[in-house]
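Dropping the structures in below, format is structure tokens.
Here come two complexes built around chain A, the first alongside chain B, the second alongside chain C.
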Partner chain A sequence: MDVNKRIFRIFLIIIGIVATGCMIFIQYVSLAEPIFFKQYADLSVNLDDDDYQYGLSDELFSFNYFTNAEDKRVVSYVSFPEYPDLHIQPFEDDWGMFGLDFETEQPDLIGQLYGRYSLREVLWQIVDLPEESLDNELILNEAIFYFSDGSEVKTDIGQIRLSRSASDSEIIEFLSGSSSSDGDSRSNFKVLKPINFSGFEAHFLDQISQRVEMKINNQNIYDLEELQLEEGDTLTIVSQIKPAQTLQERYTRFNLSLKLIFTDEKDQEYYLTWKESPSFREDFSFTDLYKYTKEQEGL
Partner chain B sequence: MAAGFRRVFIGMIIAFIDIELFNLALLPSLIAWLIIYSGLSIFETKGIIILTEKIICGMLVLLIGTDIYLFFIQADHYGLLQNVILPVLALVGQFIIFHRLLGMAVAYFAARGEQDLIAKYTRHNRIYLIVQGTGILLLILSLTFNLEILLLLSSVLNLIAFIDILIFTYGLSREDYRYMRITKN
Partner chain C sequence: MQSYRRIFWSFIFATFNLHIGALTIIPPFIGWIVVYSGLLTLGIKAREQALARQRITCVCLIVLSALNGFLMLINASGLFRMLLPILVMVGELVFFHFLFSAIVEHFKTIEYFELATIYAKKDRTYLVLKGLATLFMTVSLSLNHQLLGLGGAILTLIALIHVLTALYWLNKGAEQLLRRRQQALTFRS
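For the complex of A and B:
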């Protein structure tokens, strides 16, 4: 019996020490408020569609954030201080990140768990936007996220640009496209008349050039100054995601939106808008997310 | 003593059953602990002094307090208490209670000079302490770091410990009959 008493006491002491250590650790790594990943996106709203208010012409857009594992709040509304007239409807469910049906390790918890943190996704759709608002481009840098318990978080979201969708010149015809799960993509176009590639415009070029290698007909787009294309030629645009160098780079989302500029022999300009949303399938881990929070605090 | 252990056995069965109707627990753990508490009261009326009763009182206060807290505070916003602290506290309480109950049973058999039963329940107690204690440690670590493999291991160990409790409380609820039969013969 003495042996049992000794075992009992030893277990109680170890349980006490481990429990105390774990509680201190939990408090130490707990987030005061959810942290939203920055993203840079160029989105177009199709005003020709009567139902434009129910969605963007691009794919359904989303915000990603992480919070404490036991945080059961969900985002119920989002407003943008720079554009109070823009109303969007967020959808947050416990279906996991990026639309995939992840099962959480603990049924009471929401999102994809990484140690003490839970990674979440909030999809959103525009529900109200006065048409005249899009006369100029809307640039969203800040958002206020309202949670189901009444709390709110005002945060820097990077930059989201909303503009009217414009139709492209009919000098190039889309042939085929493919993309892989690691974020690489390829699009093929048929050239309908002799043209000369004379440059491109892109927002967020700093972010894009660090993370994406882009080639037009096997030539690096950043170095390409001129490319002669004849009628019937194939124009191939390839994008490849480069490994991120820092955590800030790694966890920053972006979509590619390039306005390719072509000229014909009469110096008439034509445009082709090429959009691609690389998959956001970064490797997440508790330690990296924790380091990210520390970097955010330092910024 | 058999009647007391029978109630403890029934209480543990109820604690295991988790039926909810419209998010309302039909047999909340509170009822299970009240039944176990009533079983322990029988020991006390029979003159067996047990410290365990005070621990169960503490657990009842904890469970009632938690229910009130969750009802009024709506603490699902940040459920550290609900998801981490309470499951661990409940298991630690269970760990202390059943170790003491087994100790009490051994003392009871020692007073009657039943060496085989002393050896049997001392061995039960040791197995219970090791399995349940390890299960609690793994549970704390799995809830802290949200590690699925640790959660699975701790669930298996806690289930084994629970089955062990059911086996020895059922066995103890039968020991009095056996003793009565032996003394009659």
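For the complex of A and C:
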């Protein structure tokens, strides 16, 4: 029995040490408040449609954040200090990130678990926005997220630009498009009259140029100065996501929104708005999320 | 031997819970209360200290499992809520070690040394299985580590089967063995 007593004591001591160590570790890595990922998005609101309040003309938009694994709060309301008239209805559920393909490992916990952290997604739609607000572009840099327990978090969200959706000139016809789960996309257009590509405009060019390689008819868009297109030609726009160099880059979401400028022989300008939302399928891990929190503290 | 049967069944009820929606049919603490009642009528011939410590551990398990059930019901969170299942596992480890120790002492007192050795071995095996399972589950619950959680769950299940087999054997096998020994002694005399 002496052997048994010794084994018993050894296990009790080891379990005590491990449990104490784990509790200290949990306290050390726990977050004081949820951390929202920054995102840069150029979204258009379709005001021609009477029921614009049921969604943006772009795909349903979402915020992503992570918090402590046991945090049972959900986002119940979002307001924007810069535009108090903009009312948004958030939807947060325990589907996990990006739809139904993930399930929570522990039924009483919300979101996708990564060690001590839980990754969440909040979908949103505009429920009230005075029409005249969109006379100028709305630029959202800050948001206040209200949680189900009454707490709130005011945070920098990157930049979201809301504007009226504008119709493109009918000099180019959309033919086909494809995109892959790793964020690459390809769109083909048919040119309806002879035109020259004379440049492009894009918000968040700093963020986009670091992460995305974009080509028009196999030529890098950032270096392209001129491109002659004849009637019946195919215009192909290809985007490829480059690997992120830093965690800040990796966890920053963005959508691609380019305004391509074309001119005809009479120097008349035509525009083609090309939008693409690369899939946000980054490799998350507990250690990377923890490093991200430390980087955020340092900023 | 009736008491071992009671401990056997009530331990099963304390471990496997039947739920109808949010309602637990037999909460684990009820199972532990029945285990406690089984302990009172066990009739083990051991030191009072050895008997008292298994009863105290059983009372602790009743309190801990009732508290765990209550916190689950109110959907509580926090460090203590996370720590409770680990405390229950440690409580089970301590309780069954004390129970096996008392049984071994009992067999030694009535001079059945062969059975005492068998149950000392069973105690050792249980300590290793449950100890490792508790360690794995501690890390898994704290860090949400799935692989360790799976390992911990498998070890917990093996430890559970080991305890149930040992209790069943006390209930059935030991009784037969004791009877055979009695017959052998009568035959010799």
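Everything below uses one rule, namely that the second predicted complex is superposed on the first by the 297 of 299 C-alpha atoms of A that agree within 3 Å, B and C clash if a C-alpha of one lies under 4 Å from a C-alpha of the other, contacts with A are read in each partner's own complex, and residues count from 1 in each chain.
Everything that follows uses one rule, which is that contacts are C-beta pairs under 8 Å (C-beta built on N, C-alpha and C of every residue); 3 or more make two chains touch, one makes a residue touch a chain.
Given the structure is predicted, the values throughout are model-derived calculations rather than measurements.
Asker: After lining both complexes up on chain A, report clash or fit for chain B versus chain C.
Answerer: clash
Asker: Kindly classify A:E297 by the partners it touches after superposition: chain B alone (first), chain C alone (second), both, or neither?
Answerer: Neither chain B nor chain C is touched by A:E297.
Asker: Regarding the shared-chain residue A:D149, is it in contact with chain B (first), chain C (second), both, or neither?
Answerer: A:D149 sits against chain B, while chain C stays out of touch.
Asker: Is A:F11 touching the first partner chain B, the second partner chain C, both, or neither of them?
Answerer: It touches chain B and chain C both.
Asker: A:D283 in the overlay: touching chain B, chain C, both, or neither? Say first, second, both or neither.
Answerer: So A:D283 meets neither chain B nor chain C here.
Asker: According to the stated criteria, A:V3 is in contact with first (chain B), second (chain C), both, or neither; which is it?
Answerer: In the superposition, A:V3 contacts both chain B and chain C.
Asker: Identify the partner contact of A:C22: answer first if only chain B is touched, second if only chain C is, both if each is, neither if none is.
Answerer: The answer is both, since A:C22 touches chain B and chain C.
Asker: Considering only the touch criterion stated at the top, classify A:G115 as touching first (chain B), second (chain C), both, or neither.
Answerer: It touches chain B and chain C both.
Asker: Show me the chain A residues, by the header's touch rule, that chain B contacts in one structure and chain C contacts in the other.
Answerer: On chain A, the residues that contact chain B in one structure and chain C in the other are 1, 3-4, 7-8, 11-12, 14-15, 18-19, 22, 25-26, 69-72, 105-106, 108, 113-116, 286.
Asker: Considering only the defined contacts, which chain B positions touch chain A in the complex?
Answerer: So the residues of chain B touching chain A come out as 74, 76-80, 82-84, 88, 92, 95-96, 99, 103, 106, 122, 125-126, 129-130, 133, 136-137, 140-141, 143-148, 151.
Asker: Going by the contact rule set out above, which residues of chain C touch chain A in the complex?
Answerer: So the residues of chain C in touch with chain A come to 75, 77-79, 81-83, 86, 90, 93-94, 97, 100-101, 104, 120, 123-124, 127-128, 131, 134-135, 138-139, 142-146.
Asker: Write out the stretch or stretches of chain A touching chain C in their complex.
Answerer: Those residues of chain A that touch chain C are 1, 3-4, 7-8, 11-12, 14-15, 18-19, 22-23, 25-27, 69-72, 105-106, 108, 113-116, 286.
Asker: Once bound in the complex, which stretches of chain A touch chain B?
Answerer: 1, 3-4, 7-8, 11-12, 14-15, 18-19, 22, 25-26, 68-73, 105-106, 108-109, 113-116, 149, 151, 286
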